[in-house]
Amino acid sequence: APAFARKLTGLVAATFTPFTTQGEINITEIGRYIDYLAEKQGISSIFVNGTTGESMSLNVAERKILAEEWCEKAKGKMDQVIVHVGCMCLKDSQELARHAAQTGADGIAVIAPSFFKPNSAEALRTFLHEVSSVAPTLPFYYYHIPAVTGVNVPVTSVLENIEELIPSFRGVKFTGIDLMDFGQCVSYSQPHWSVLYGVDEQLLAALAMGAHGAVGSTYNYMGCHVSKLMSAFENGDLIQARTIQFKMQELLSYAKKQGFDLGVNKQLMSEVSGLCLGPPRLPVVPCPTARALSIAQKYHSIFPEH
Amino acid sequence: APAFARKLTGLVAATFTPFTTQGEINITEIGRYIDYLAEKQGISSIFVNGTTGESMSLNVAERKILAEEWCEKAKGKMDQVIVHVGCMCLKDSQELARHAAQTGADGIAVIAPSFFKPNSAEALRTFLHEVSSVAPTLPFYYYHIPAVTGVNVPVTSVLENIEELIPSFRGVKFTGIDLMDFGQCVSYSQPHWSVLYGVDEQLLAALAMGAHGAVGSTYNYMGCHVSKLMSAFENGDLIQARTIQFKMQELLSYAKKQGFDLGVNKQLMSEVSGLCLGPPRLPVVPCPTARALSIAQKYHSIFPEH
Amino acid sequence: APAFARKLTGLVAATFTPFTTQGEINITEIGRYIDYLAEKQGISSIFVNGTTGESMSLNVAERKILAEEWCEKAKGKMDQVIVHVGCMCLKDSQELARHAAQTGADGIAVIAPSFFKPNSAEALRTFLHEVSSVAPTLPFYYYHIPAVTGVNVPVTSVLENIEELIPSFRGVKFTGIDLMDFGQCVSYSQPHWSVLYGVDEQLLAALAMGAHGAVGSTYNYMGCHVSKLMSAFENGDLIQARTIQFKMQELLSYAKKQGFDLGVNKQLMSEVSGLCLGPPRLPVVPCPTARALSIAQKYHSIFPEH
Amino acid sequence: APAFARKLTGLVAATFTPFTTQGEINITEIGRYIDYLAEKQGISSIFVNGTTGESMSLNVAERKILAEEWCEKAKGKMDQVIVHVGCMCLKDSQELARHAAQTGADGIAVIAPSFFKPNSAEALRTFLHEVSSVAPTLPFYYYHIPAVTGVNVPVTSVLENIEELIPSFRGVKFTGIDLMDFGQCVSYSQPHWSVLYGVDEQLLAALAMGAHGAVGSTYNYMGCHVSKLMSAFENGDLIQARTIQFKMQELLSYAKKQGFDLGVNKQLMSEVSGLCLGPPRLPVVPCPTARALSIAQKYHSIFPEH
């Protein structure tokens, strides 16, 4: 499969799911969304139906429609579309993995099930294997985000001999702050793997540790700035990279003090991009308008050039 | 609706979901399961598709089939069947709630969504309301289990003015160990509410605090003993109630030292009951046979009469 | 030693440490404090220099002076004075234990060291043993309070064969909400042990589970009411016991919503008792006056008879 | 004061406290210890009586004797000696701070009190201020280690306007993995402050984020290797820096799998250095000999040149 030849690197935007004001998925906004990412943020790969995309609040039918639309509209505009197919229920994950293969996704990702938590690296690896095995030609990524899932199995343990079990394994989206575990993943990674970092506010630390790329929600609206951070890093200009990282931190610190959750994040994206992403879905609650405006204002004062 | 007239009290078994050895749901065992509970354990109400029933590892179609079968086979044998319809996804919960109403369930219960966690009592109450509103004639129960969900909103806060929002509200399955919160729920409960306790190993404490009944997995195989505990308590014989509670604790302490999770619990039920419940589904892993046997042996040594 | 003959039961007040407004210990208030407890609250035993007494914010010299004064002033007025001698540093604990023996304390208690946490029940038991061994004739109590110490070793494990190591062992102050662990402590306790409960807002639950008594800070100002709770419980009047427990819970729930910590608790005691307990010591900060007044007002509205 | 002119940078070893086999402090080993650090590990500054030094298990008198000896023996051999004077008890901290000033320490550090936890950044800052104010001419460092103390107040908040309150403030030992908080500390630091990192296994990440130096226990025996990491980083050779960091991670991952705590760490230092550091003090328990040997062997296989 050609996708196997292309290693996923650089900045990957974890997309929000557009909703109508009535709370139904709004696929009509997806084309414009992709154009915005490509043209205004310089983003060339997306991670859809993930945490930022509120996937766990979507039903299987909705996730399929969304996956189709993202893949369709991304044609010729995005380099890669990774579809997250993780669910609490293995059967649902398998159904979505099969569907992703038919839809033309460039890869699938699976989060650790978090209601019943795997009691060992082996149990988790077996779960991942069962999903991957129904879509064996699709590059497979494990999605680690312990602050949300409560699943603290070190990724290093999950990766032990993983290609024996999952030949399509191609990497990990590591959204955690244990950089010893992260560093060991990089250290033991195969050349065709992508070890991607997911805590946007400390990306520079992960780059120093050898990250191959990054997946995050803030790249939806800060991608253009973070691209410069990555270029600076690659050019050995740590001072410049740090300057941009500190600006991101200043914005996100400000946002956290105001109250920052997925609902706020989504509204902030709407404010910055002009896209109509609508409200989040329960149990996430809509963001008070004033809060998003205040954070957007801070954004523009920190990044005046944009 | 007649169900509204019957307050849920006493012991309620949270049922396991029978699987075939291939891991598919096995509804052919449900009739025998109900007979076992009624005849051997003296159980008259069940809570199906809950945590013990591995509901989050089942897809929506499976949960419907199971709900139908439990309701069908329970006719004339069980007093009440409460169907848990909680999901991460509100739409799925609503679909299951509508289905439960058609199926003849005596009530529905909803757990707090735990992937995206409600950020306030109000957000959680709104989520519960949205589920209840599609099945307004069914008695509605909130299912609180913070050790699993990580949702620590005090139940007392969730219940504030809840009947204004959810007229069908009838109670709570409180599976937590904060007995101040529990006591305040009892204290403020309406006469037609059921405040049910769900931490089997300290049921006696909750009875002292005024619990109206109990829902738990161990009543599947210890119901006959716990009935005696409840009778002793009602008769003012705390010494006897405590003796039985301490025996339960001894068994469960032993089990915990051996390693006790849902897979072990399920296999223990198979050993004690003789039912064929099959393995759990991933990410829960099957129990090593020796472990279930050892705990079953302990069970028989602690409760020799059975 | 005669103390060995007297089992510690009933309500034990965990005393606050009086400070001057300048923040120095104020032993001149101790006599009046004891009179207040004896005469107004019906308290006959005290637990001094514990968590409520801010012991970890006192130096060794201050703890000695306080222990002496409490023991001296308690003569003829209190049945038992238990001196808490736990410290992060074993040597300090030993020094205080030796001193307590000279001072005429009726027993000593030791909390689990919490900066470096014992990595097993055995490590903790050995630490306790080393303290007890320098005061072998004093009844010894282990003080379990995992929410503060972060030491979650089950008490049941700590107590395994403890009398072989600590012949003076006489019981535990169990300030936790795992009532299976608590119940197993009661179940395995020797006749001369006291298994005392320390979470005041759910005392009734622990009584049902077989608690021999209670140690807590709220008995400083609610002892007279909780005595009635205990009498009601002993007389089999659970309804009355529950009514009082629910009132306590209502007060403490209210206090928690206002912000309730040791500083507030201390100021509340000053308000209710009229004693001059002064401010807490850093890092605990003084209570805003309005807050203590508001909680005191709630106290008087809930318990109008006092 | 001349010390104020010298910014603390580079590698700082957090020293172990030597004990006799009977468990008493063994100051006779301190001279040899300093020689070892200077000659074999290339270390020029030390942080004494900290977490690695088991300070919370020492009494005040012992901490004074140790501080004196470290300062005395370090003369002419170490650039700076920072004495940690943090205690649960403010009075003890003040006594040690005064003593450190007399002893000729180059600076003092204070950890957040962790039994009673400060309920705000302001409460913590006030506590730190009260310690610093008795030794106003000594450079003052805040020591942040939330995994041990449970005090999660963001350092960024603690540092707000801190020089107005603590004119002698000179920096922070940041032993945490929230690198947004760390980055913001660097970003807002004054030129005369030292923002030092304390999680050895991910030092490279902190260097990228702008760390001015590092304080840690592993520099006692890996200082010579980590010096090369720092040089490589300063020279822009990230590949080489990463290679050394990954080796450290491999060793520490191995150690963690074997069971790695302060007792093991101390014994490992004895094995590698040949110094007689003795056992740890309770509640830390001695390391099984085989475990330290196995980790030392791994050390030599990973760093064969040493």
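Letters A, B, C and D mark the chains as written, and numbering starts fresh at 1 in each.
Going forward, a residue touches a chain if its C-beta (ideal position, glycine included) is under 8 Å from a C-beta of that chain, and two chains touch if they have at least 3 such contacts.
Small disclaimer: the values here were computed from a predicted structure and weren't measured.
Calculate how many whole Å lie between the centre of chain B and the centre of chain C, each centre taken as the average of the chain's C-alpha atoms.
Distance between chain centres: 37 Å.
Averaged over CA atoms, how far is the centre of chain A from the centre of chain C? Could you give it in whole Å?
50
Which chain C residues sit where two or more other chains touch them?
none
For this assembly, give the contact graph shape among line, ring, star, complete and other.
Ring.
What chain-chain pairs meet the touch criterion?
Touching chain pairs, listed by label, come out as A-B, A-D, B-C, C-D.
Spell out the residues on chain C that touch chain B in their complex, using ranges where they run on.
Contacts found on chain C: 156, 177-180, 183-184, 186-187, 201-202, 204-210, 236, 238, 241-242, 245-246, 249-250, 252-253.
Which residues of chain B touch chain A once you look at their complex with the stated criterion?
Residues in contact with chain A: 54, 56-60, 62, 88-92, 95, 112-120, 123-124, 126-127, 130, 148-150, 261-262, 281-285.
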